[in-house]
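In what follows, structures are represented as C-alpha cells.
Each of the two complexes below includes chain A, the first together with chain B, the second together with chain C.
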Partner chain A sequence: MAMAILRRLGQTLFVLVGISVLVFLVFFATPGADPTARIAGRNASPQTVARVRVEYGFDRPLPVQYIRMMEKLFVTRDLTSYVNRGEKVVPEVFQAAPVTVSLVTGAAVIWVLASVAMGTLAAALRGGWVDRGLMMLGLVGISIPVFWLGQVANLLTQSRYHDSWLFSWVPGLGYVPFMQDPLGWFRALVIPWFTLAVLFIGIYSRVLRADLVAVRGEDFMRTARAKGLSPARVLLFHGLRTSMITFVSLFGLDFAQLVGGGALLTEVVFGLQGVGRLTYQALGNLDLPLIMATVMYSAVFVVIANAVVDMLYLLLDPRVRDGRA
Partner chain B sequence: MTTALTPSSPSVSARASAGPWRTAARVLVRHRGAMVSLAVLALVTVACLLAPVYADDVAHTDPFTSNVAGTVMLDGRQVDIMQPNDNPLHLGLSPIGPTWRMAAYPLGADSQGRDVAARLLYGGRNSLLIAFSAAALCIMVAACVGIVAGYAGGVVDAVLSRMMDIMWAVPVYLFAISLSIVTVSQGLRIGPFTVASDNLLIPICIIALVYVPYAARPVRGRVMTLRRSEFVTAARGLGVPGHRIVLRDILPNVTGTLVVLAPLMTALALMAESALSFLSIGVQAPAASWGTIIQDGEGLIYTRPMVAVAPGLAIIVVVLALNILGDGMRDALDVRDGDRGRG
Partner chain C sequence: MPLLAVRDLTIALPVGGRMVTIIDSVSFTLGAREILGIVGESGSGKSMTALALMGLIDAPGARITGSARFKGRELVGLPQRAFRDLRGREIAMIFQDPMTAFTPVYTVGWQIDEQIRAHGRVTRKDARARTIRLLGDMGVPDPARVADRYPHQLSGGLRQRAMIAMALSCNPSLLIADEPTTALDVTVQAQILDLLRRLRREYGSSVLLITHDMGVVAETCDRTMVLYSGIIAERGPTGAVFARPGHPYTAALLDSIPPLHGARPARLPSIPGSPPAPADRPAGCPFTPRCAYAHDACAVRPPLLPRGVQDIACVLPAEGRDLPARCATV
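Then we have the complex of A and B:
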C-alpha cells in the first residue's frame, strides 16, 4: 500500500518534469522563427527584443533557457507579458481561476446527475426504444461542437426568446462573482453549465450503460438476483455501485482537464473571463508568455489532480487497498 | 446457431471459410444505422467535392473575395447584398439573409458579402480533408508506436509509454493550441523544408500528433495480448525473425483495432479542426473550413444566425454519422476498448 503510493508519487513527479520539458520545447524549440521575436510580440522595438533575449537567456544553451523559464514560472513568478504592457502573467491566471472553477463545477453536477439517470434508465430498459432513444441522444450530444451549441444557446436565450417567459430571467453575457451576488452568479452560469455539460452527459451515460450491462453477468449480480432482491435493488445497489469505479476515475480526469483549460471554448462563447478566455485573448495578440503560463499551470494541475484521484482510488477500492489485485 | 453444429452441410462450410473481414462486412451491411451513415458521409463528401461546380456554374460567385458592393437578382429585381438594418433609423448594414434559392445566396451572405453556401461547400473540403488525413496519419503513427511498444516491451515500452503519458497529461485542446500558435505566425522551418503558415499540413500534423496517445493505447494493449498468444510463441519457437512476426502475425491481428479506430479518430479530428479554426488558429483566411465560418458568423449570430448555424449542423451530421459508423464497425469486428470518448 505504502509502496504503491510512493510509486505513484514518483511517477507523478516524472510526468511533471516531462510535461514542463514538453511545453518548453513546444514554445522554444519548434523549428521556425526565433523565440525571442515570439516572446517580444508583434512589432517589438529592437530594445525590447534585446532585453527579452538577455532576460530569458536566449543567447545561452537550451537547458539554461529551460531552467530560467521554470524559475520565472514557478519560483519568482515574474513572467511578464510584453504585448500587454508588462502585465505580470501568473497573478492574472490565478485571478481568472475562480470563474473557470465555478463554470466547471456547476456543469459537473449537471452532467453527473443527468448521465447517471440516463445510463441507469437505459441499462434497466435494455434493448427497448427508451434505451435506443437515450443512447442516440447521447451520441448526438457527443457530436455537437460546444462553441456552436453555445452560440445557438445565446441566440435563443439572449435574442429570439429573450422576451418570452422562458428566458427573460437570463442576464447578459458575463460573469458575476458568487460573493457579490449569489443569485446573479447562478443565473449568469445556468446556460453555460448546461452547454458545457451536454458533451459529457453523452459520454458518461453511454459509458455507464455499457458498464452496467457488462456487470450484469458477474457472479455477485447473479447471487443478488438469486437471493430474491428486486431488479431495481440489484441494479442500483449492486450494479451501479460497481460501475461507479470506472465512472469516478473517468470523472476525475475530465474534471481536471476542464478546469485546466478544457472549458476554453465555452468561456469564449459566453464571455466568461476565466483561464480559457485569458488564453483565447492571448491567442489574438500572440501573447506567448501568457499562453505558456496557462498551458503549463493547467498541465501541472491536471497531473496533480490525476495523482490525487489515483490515490483516492487506491484507498477506496478494497481489492487494490488490501493488495489482492 | 444450431447449424454450426453440423459442419457437414455445404452452406455452413462455405460460411466457415469466409474470412473475418467478410463476416464483419456482412454484419456491418445489416447494421442499418451504419449503412445510413455511410451514405450520408458519401453524400456530404461528394457535395463538398462539387464546390467549384456550384460556385462557378450555379451561383456564379467567388467565395473567397469580399463582395460588399455586389447585388443579386431576386425575382427579377436587383437586390443589394448588404442591406440597411431594419431598425427605425436604418443604421448599419447587414448581409442578405437566406433566400432559399439555389442560385442566389440560398443561405445568405457573411459580413463580407460572400455566399455562405459556397463557402460551406469549400469549407467542407478543407474540414473533411484535414479530418481524414489527420486521422489516417494519427492511426499510422499510433500503430507504429503501439506495435513497437507492445512487442518490444521492456525499456522501449517503458520509454514510449511514459512519453505517451506525458503527452496525454496535457489537455488535448491546449496542446493543439500551443502547437498552432507557435506555427501560425511564421510557419515551420525544418532544415531545408519550409511549410507556410497557411498550409493545411500544419493543422493536419498537429491534430494527428495530439491524438497519438489516445489511439496508441488500445493498439499497445492488443499487441501485448497477441505477443503472449500461442501462435506468436510458436512462430518464435520456429525461429521466425522478429520483424517478420510483427508484419505477418501481429499486424493482421491489430488491423481490426485500427479499422474500428478510424471513424472515431476522424470524428475527433473534425471536432478538433473546427475548434482550432473557430479560434482562428486552424485554417487561415481567406480559405474556409466549417470552424472558420462559425467564427465568421459569431458577430452576426443575432441578425443572421444562418451563417453560424449551417456549418455547425454540417459538423454535427458528419460527426454523428462517423460515430454511428464507428459503433457499427465495433459491433461488426467485435473489438472492445474500455476508454473511448475521453478528451
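Then we have the complex of A and C:
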C-alpha cells in the first residue's frame, strides 16, 4: 500500500511538470509575442527592457527561460503582473484561493449531504411519486444556469426583500475572511453555497439513484436480503456503501475543477474575488504572468485532488488496495 | 409432520402484458434431516421455486399461489416483515456464485457477524467468536485470519465455505443450496458436497439442493425431484430414480453422463432441441417435442402418478411400456 501511494505521488509530480512546460510554451514561447516588451511595459526605456530581458533570461535558450520562470513562480515568488505594474502575482493568487476554497467547500458539503439523502430516498421509494418528484427536482436543478440563479438570489436577498425579516441578515456582496469574523463569513457565503450546490445536487442525486437501482440486481444484494436484514440496512450498508465508490470519483473531479477556478460564474455573480475570477481577468488582459500563476495553481489543485481521490479509493474499495480492480 | 410441505405451488410472472406460468403445480415434501435434490435444465424453474420459498421474488406483478408450509406455517402470502424473521434464521440460502454473492467491500467475517447480530442480541465479540468457530467447522484453515479477508482475496472454494458458514450461522432448519458447486472446480466440488452431507449430521439441517448435475444428486441426495419446464417430471428416492428412471427426460439426463465402467461411447448422447420458453409451452406433456417416445397420448398433459416408490408424469408406465432399467449406477 505504501508503494502504491509513493507511485501515485511520483505520477502527480510528473503530471505537474508536464502541465507547467505546456503552459509555458503556449504563453511565452509562441512566435510573434515578445514577452520582454510586455513585461517592461509601453514606452519603457531601453535600459529597462535590457534589464527585464536579463532578469527573465529571455536572451537565453528556452529551457533556461522555463527554469527562470518556475524559479520566479515557486522559489522567489516575485513574478510581477503585466497589467498592474509592480503587483506581485503569487500573493494575488494566494489571496484569492481562500475565497474559492471557502465557497466550494461549503457548497460541496451541501451538495453531498443533499444528494445522498435525495438519491437514497428516491431509490428506496423507487417508482413512487416521491421518487419521481425528487428526480424531477434534480432535473430542474441541473437545468437552471448558475448565473441566473445567482442573480435571482441577489435580486431577492439584496434588494427586493432585503428589508423584510426574511433576508435582513444577508450582508452585502463580497467576502469576509473566516479568521476575521466566522459568523460574517458564514452569512456572506451561505447563499453562494446553495446557489453553486444546486446543479451538483441535481447531478449527484440522479447518478446515485441510478447506481443504487442498478446495484439492487447484484447477487450480493440478494444475499443480504436472504440473510434476513431489514430493507434499510440492505440499502444503506450494502447498496449505498458500494455505490459510494462511483460517487467519490465523480466528486473528486468536480471538486477539483471548481477549486481550480471552475466556480467563476458564481464568484462573479456574488462579487467574490476568487481564483476563477482572477483567471478570467488575467485572460481578458492577457496578463501572462498571472495566467501562468493561476493555471499552475489550478493544475496543482486538480492533480492533488485526484491523488486524494485515489487514496480515498484505496480506503473505500479493498479490491483496489490489492491492485486487482 | 414434514419440515416443509409444498402443495401445488404455482408462480406466474407478467410478461408482455399477460401472465406466464413459470412453475406449474409443484408439490413435494422435505423431512427433517433430509436432502432433496431438485434437478433440471436452466429455465426449468428450480431457482424460482427456491426464491419463492425465501420470499425473494419481488418482480412486480408476480403471482404465487398454492401452499408451502414450513413447520406448519404458511409461506405463500406471508408478509415481508415476517419473512425477514425466517430468512437467515430458519431458512438459509447458499447461492451459485460465491464471488458475486458477498458484498465486495466488507470482510467475510464482518458479513457473517452481521447475520448473527441481525437475528439475536449478540455482542460484536461473541459474534466474531462464533464466526471463527463456524469457519473452522467448515474446514477453513486458519479461520481467524480468513474472517479478516475480503471476498476477492479468497479462493472460490474458501468463499463457498464461508458462504455456507454464513448460511449456517443461525442454525437454520432448512438450507437451500442453489447450485452450490457449479462455479467451483471438480476437486473443490467434491469437498463442498462432502460438507453438505456432514451438515445434517452435525447441524441437523434439511437441505434442498438445486442443481443441474445428476452426478451431484447421485452423490448427495436422499430423494430426487426432476423438474422440466416448470412441472415435475419425476420424483422419488434417488436410488430408484437412477436405477429405473420412469420419465424419458430423466432417462435422457442419465444417458448424458459418461459411464464410469465399460466402454466409453464415442459421443455422449444429448437431448435434441432445447426446452420451450415459458410462454410457449405446449398444452400436453412439455417434453413431447424432444421425446423419442412421443405419440398421440402425449397431447394431454399426463398427471403425476405413483409407480412403485416413484411418481412419474408420463403416459408410458400406464401404457405398460416401462423404460428399460439401468444396471449401472453413476
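Some points to look at:
Here is the rule we go by: the second predicted complex is superposed on the first by the 256 of 325 C-alpha atoms of A that agree within 3 Å, B and C clash if a C-alpha of one lies under 4 Å from a C-alpha of the other, contacts with A are read in each partner's own complex, and residues count from 1 in each chain.
Assume a contact is a pair of C-beta atoms (placed from the backbone, for glycine too) under 8 Å apart; a residue touches a chain by one contact, two chains touch by 3 or more.
Only a predicted model underlies this, so the values are computations on that prediction, with no experimental measurement involved.
Look at A:T223: by the touch rule set out above, it reaches chain C but stays clear of chain B. Of the two partner chains placed around the shared chain by superposition, chain C is the only one that A:H238 touches, whereas chain B remains out of contact. Residue contacts after overlaying the shared chain place A:G10 against neither chain B nor chain C.
In the superposition on chain A, contact is made by A:V303 with chain B only, not with chain C.
When the two structures are aligned on the shared chain, A:G133 is found in touch with neither chain B nor chain C. When both complexes are overlaid on chain A, the residue A:Q257 reaches chain B alone and has no touch with chain C. By the document's definition of touching, neither partner reaches A:P63: not chain B, not chain C. In the superposition on chain A, no chain A position is in contact with chain B in one complex as well as with chain C in the other. Of all residues in chain B, only 162-163, 165-167, 169-175, 177-179, 181-183, 185-191, 267, 271, 274-275, 278-281, 294, 297-298, 301-302, 305, 308-309, 311-312, 315-316, 319-320, 323-324, 327, 338-339, 341-343 touch chain A in the complex they form.
Chain A meets chain C in the complex at residues 218-220, 222-231, 233, 237-238, 241-242, 245, 316-319, 322, 324.
Residue ranges of chain C in contact with chain A, taken from their complex: 54, 56, 80, 84-89, 92-93, 95, 97, 100-106, 114-115, 118-119, 150, 152-153, 166.
Note for the complex: chain A touches chain B at residues 14-15, 18-19, 22-23, 26-27, 30-33, 38, 139-140, 142-145, 147-149, 151-152, 154-155, 158-159, 202-203, 206-207, 246, 250, 253-254, 257, 260-262, 264-265, 268, 279-280, 283-284, 286, 288, 291-292, 294-295, 298-299, 302-303, 306.
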